[in-house]
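Next up, some structures in structure tokens.
Each of the two complexes below includes chain A, the first together with chain B, the second together with chain C.
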Partner chain A sequence: MSVLTRTPTPLGRTRISRLQGKARYAPTLATVGLFLAMFAIGAGMYPGFLSGQVFLNLLIDNTFLIVLAVGMTFVILTGGIDLSVGSVVALSMMIAAALLQAGWNPFVVIALVLLTGATFGLLMGLVIQVFEIQPFIVTLAGLFLARGLCYVISVDSITVTDPFFTAMAQARIPLAEKLFVSPGVVIALVVVAVAFYVLHQTRFGRTVYAIGGGESSALLMGLAVPRTKVLVYGISGLCSAIGGILFSFYSLSGYSLAATGMELDAIAAVVVGGTLLTGGYGYVLGSLAGVLILGIVQTFISYEGTLSSWWTRIVIGALLLAFILLQKLFSRKVKLA
Partner chain B sequence: MNEIVPVVDMSGISIEFPGVKALDAVDLRLFQGEVHALMGENGAGKSTLIKALTGVYPIDSGTITVLGATHRFSSPAEAQAARISTVYQEVNLCPNLSVEENILLGREPRRRGGIHWKEVRRKAREVLDQLQLGHIDPGSVLSTHSIAIQQLIAIARSVQVDAKVLILDEPTSSLDADEVQQLFTVIRTLRDRGVAILFVSHFLEQVYEISDRMTVLRNGRLVGEYRTRELPRMGLISKMIGKEMDALAELERAESRRQPGRQDEAPVLQAQDLGRKGSVRDVTIALHAGEILGLAGLLGSGRTETARLLFGADRADQGHLSIDGTAQTFRSPRTAINRGIAFSSENRKEEGLIGDLSVRDNLVLAMQASKGWLRRVPRSTQDQLAEKFIRTLDIRPANKDALIRNLSGGNQQKVLLARWLITNPRLLILDEPTRGIDIGAKTQIQKLISSLAADGMSIIFISAELEEVLRLSDHIAILKDRQMVGHIPNDGVTMEDVMTIIAGTPA
Partner chain C sequence: MNALLKHRLTWPVLALVLLLLLNQLFRSDFLSVRVQDGHLYGSLIDILRNGAPTILIALGMTLVIASRGIDLSVGAVAAIAGAVSCTYIYNSPDPSSLRTAAGGVAIAVVAGLVLGLWNGFLVSVIGIQPIIATLVLMTAGRGLAQLVTDGQIISVSNDSYQAIGAGFFLGLPISILIAAAAFGVAGLLTRRTALGTLIEAVGINPVASRLAGLSARSIIWTVYVFSGLCAAIAGLMISSNVTAADANNAGLYIEMDAILAVVIGGTSLAGGRYSLVGTLVGALIIQTLTTTVYTLGIPPEVTLVFKALVVIIVCLLQSSKARDLLRQRRRPVAKQSDVKVAV
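Moving on, here comes the complex of A and B:
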């Protein structure tokens, strides 16, 4: 039995692999680059765009979407999808608004809402894992269920008058002269930081990436695949609940139709942020950049004034397509290696 | 060799899949500090037995004792907790993560504040150095390395756990000779440290080189346990095949050459300086009806790339290709298929077969595709074809409704081959049709190739085993560093001749 020998080229190989190792960051770097470019163009076109507050407003107006995108990143990294997040946001808002109206303590309400969201996500994760059902279908069912439950609580919009919630809505944390953020921004950024830490510094986080890279391999390596897969949906559910609370701070009401279609914005932000829909590649910071890009598109449209707000959707659609194509090119390169 | 209590004692193991009795009361004992070879033909149950020991498949009956404790593994994690590590035939690592992570995934050293990445790097480097793989950058992404390197990294992973039992399932099937020796050095080191090693390979010489003891399986049953030095090769082969069939002699007989192809007619396929940027270049080939062309070359020399070019799976951007004397540009495999060219891929798992479909469904796929999806192949024809090819190729289990993923590698290969034979191609490109399959199936496939050529089919045959190429081919095209460097008629060409050409041509 002769297998022919090959002359090893260790030097060349190391160089190539270093090069391609960096290609991992390419989609995320492209997102960040695009954001900076858009910001620069905005600054050139409109006076006042360059003021730091425009950037901070991007964060203030999108706190809930940032948190949703973080949860979605976990799910998509494992190769899954969570369509229920928008409905869970609405459900969280409805529960919070109804309980506050009934005079509950706001902190008890917040704790209860977070618990509900996490439990909702965990249950979907269990169904996906135990019965081996496509995440798409299970979370679609979750979408309808959560949205339906909103109407069970109330058909009409409920106004939040709780002093803590109103305080959070109006509070401004000054950063420098004429620059401020809302408490929600701090919460959202803390969520991003915690998610980054969990994904890169814990075994759980690395298992998330491993599942995206090859679920059966991860299983054969003895990693806790089933537990991790259930937990990512729990995390997404928890993030949706946090998003719901943040949205309540922002809008001071609960309304059954709130956050309709927001799951798609979250998915778009994650994909634009450079996470591969097939899982395994992507960064939570990329998702943050993705949300900011969606936000800046909106800012552009509003600065322009003459354009209808639907142009936001059109631009986001084009961006999404461009990024999917970019990812395709990227994954081809990886395959060639 | 110490006749003490075995580290692993599996006894009376039975496993049944729908429609297939995969294992029937099989015993296996592994001893400390020994290399134990698990031998058997395709479908003998080797992979299933290994998966029973590693917790992938639950056992229906029998007992598994590891280090004196009885286990019933229900997941790979449990088997690993019992200090059993496995390196599978198909590399089971995560291509998207770095080398160091793949080595330490799930066991990353931690400190307050999370994973201690510096320590991860240090430990990975330590293990790689131990295996003389120091040239691999631990921070590089796994997918940037060749399959052979990935395999060694998988072994590094199991070395890292300080396993008591190390299972190597066909670890050498994609390694070259140097890498095999490197692996064997590692295996011996581990053996001397007292690790019980289970080694599965189709390479008889490797088994005789490395193993101390062997267990032979056949058709899911135990044939026996033997000391390697007390069992001669012919004895082993007849135990594996189950009849006193001298497979080796049969291989020799295939050597009595058929008459050469019909040189007078226009060549079925002619390529002139065919090439593709970044793939392979200078492919010049003339193949007549009834001829077998062998592609020889080192691992990575461009054998598969050549095949893909000829089939249109990759588009050529240099040179000319003609079929029956008329110029052709293949834009897609479909064009090639329409001109009667069939390509059996080396990567049967990813590019060839659909695991969740039955043998019959997989067989008729290509035929159905060539007829167009609107004209369904009637069920009775499907059944007839399936039965015919199951019989002629001796596909086991002989059940046309069995799911492909429940078949062994060799039998899957036969199904893939049969799929293309059904379309009755004029030119059949076979990329590594005999890789990872046992000697019995190998003989059958080689005989089949010879007889197909005798019936007028042209064949391009690719194999990493040079002897096999020399035995079957009428012509040999030699590749080196992604360039065709020679094209010689096979009139008593020896391995040395080919090696000389490869060694002698500057790249």
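Moving on, here comes the complex of A and C:
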């Protein structure tokens, strides 16, 4: 069963990348393979690595990144990019922390934060779509704006002492003996599941793939291209807000400098997860695997005591490059007259 | 008058003048420049001196953007350049001599060229989208810089090295003289030879320019190398100004400032036509904006909000779609005036 909407090739384009047949699963499979290989190597090198909890900790420590990568997958599938996600995470944390400090009800706060994130994303999407400005520059402005608004709220870090947030931070859901996850993991996986359903089972999801495959042909097919393009940024904004809430659960504070550069991690996770940056090909489950790979790199570095933290960035950069080259290799260039 | 209004530099220059006047309004000695210890001193000189790294990086960025690319790695390259030169000076047997400073500068310049070559290779030979190709170095670059400095902030005390960012020559800051020289060379190379036109041609349509017999690959490669070089020199200025290499914070967000300067200067992100003078004005606007925020007593952290609003407004002004919408509203008025002229 093909989950992709095949779009006819527009005449105007002379060269396009196409992943043919089963090759389109190749990058994602390579990601999963790499993850398993890294886990196996870790198990061979360090005693205690091969445990269920090490794997579950990968999820627990990266809940926010998983959700961000999901939102980013939607945007990249349409051929766009969202650089604002890290700042929106920080802004969400700041809003949540400031309102909780003022004594607001935690559920009202969460609803408000999600609404803010989604609205922020939708506004960026509207600017991109209506004024035909490149997503790159619009979301860059979004990055500045959200980060600046954080400072407007407070320059100092705000601690969260709300009972509901602390309960969420400390709660552990036991899975089996000595195995547990945090509530954040459940939320993140639910987001992944919902995204999977939306992308593969709904008209909206097919339109997302169709836009990435060829925007003009999607338009000619009568698909709701403008609406979908605005909505994907709204989804990304919403996911960033959810990520911010999860990060608040994780760190129990709001800090203006939080999540600096997290947009790079999210993009790296999506690319390593096998999503083509030109849009049209990729899976949200691949992005989940991408996040887990970034997480396992960090686990490796913490297990290997002699390696310093900056190796994380170097390895992530190298992985990013390797997967981009892999995409080049797998995508066949078709020349049209 | 109409031609002046339509000139693409009119609005940026006007914005710059307004910003300067606004500052003058709040601080009456803002525009005054005085001589002290044989150097020129004043807020205007400070703007030039602090803006020099941004001007340099924006210069390289202009050519990259004109070729329909983008270079996100400049901040990381600046950090690496500062890291390698400071580490070299720190570890050399004679850390305060002119020769050591020259050696550090040479190493940083070579590092910048190599990193530029790397970016250019990924974009022009492998054919990766510029945003992503330079994202690789943006992600890994700060890690590399920390690797060089071993995660420490490396402080150096070398008068010759310090002169690059903080020194004066003939009463003017050396950093702005370097930026001006780079500007002059780039202007001569691109506007007095065919190079500028070739870059624009590649930016407008890479395929057509290749079919027309242009070596698009080597031109694209050249602009990334130039951008790397500019970023390295800017990194030297930043590290020399504080006489230390800070791998984490040197040149942080400077790529954003540079891109902003280019966009304000009227160069389209879609590639093609570019304006070096526009970029210069754009970079000065950004630096003045930062100074204005300080002058007005607004918390400096809020600068980001201002920058965001400026980007949005400038992009909307540049967007042909927004202009069309404006024109549609104005059309009835325009017709009336046409009729009057005809009568």
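Simple rule for what comes next: the second predicted complex is superposed on the first by the 312 of 337 C-alpha atoms of A that agree within 3 Å, B and C clash if a C-alpha of one lies under 4 Å from a C-alpha of the other, contacts with A are read in each partner's own complex, and residues count from 1 in each chain.
The definition used in the following text is that a contact is a pair of C-beta atoms (placed from the backbone, for glycine too) under 8 Å apart; a residue touches a chain by one contact, two chains touch by 3 or more.
None of the values given here were measured: they were computed from a predicted structure.
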Thinking of the overlay built on chain A, is A:Gly280 touched by chain B (first), by chain C (second), by both, or by neither? first
Which of chain B and chain C A:Gln201 touches, first, second, both or neither: first
So in the superposed three-chain picture, is A:Gly212 touching just chain B, just chain C, both, or none of them (first/second/both/neither)? first
Touching chain B and also chain C: which chain A residues? 14
Could you please specify the touching residues of chain A with respect to chain B in the complex? 1-6, 8, 10-11, 13-14, 16-18, 20-21, 24, 197, 200-203, 206-207, 209-210, 212-214, 216-224, 280-281, 334-335, 337
Which part of chain C faces chain A closely enough to touch in the complex? 70, 122, 126-129, 131-133, 135-144, 146-147, 150-151, 207, 247, 256, 259, 263, 269-270, 299, 301-309, 311-312, 315-316, 319-322
Applying the document's contact rule, which stretches of chain A touch chain C when the two form their complex? 14, 81, 127, 130-134, 136-138, 140-145, 147-149, 151-152, 155, 256, 264, 267-268, 271, 277-278, 308-314, 316-318, 320-321, 324-325, 328
How about chain B: which of its residues touch chain A in the complex? 54, 56, 75-77, 79-81, 86, 88, 92-98, 101, 105-106, 108, 110, 113-115, 135-137, 139-141, 143-145, 157, 172, 175-178, 180, 203-206, 297-300, 464-467, 495, 499, 502
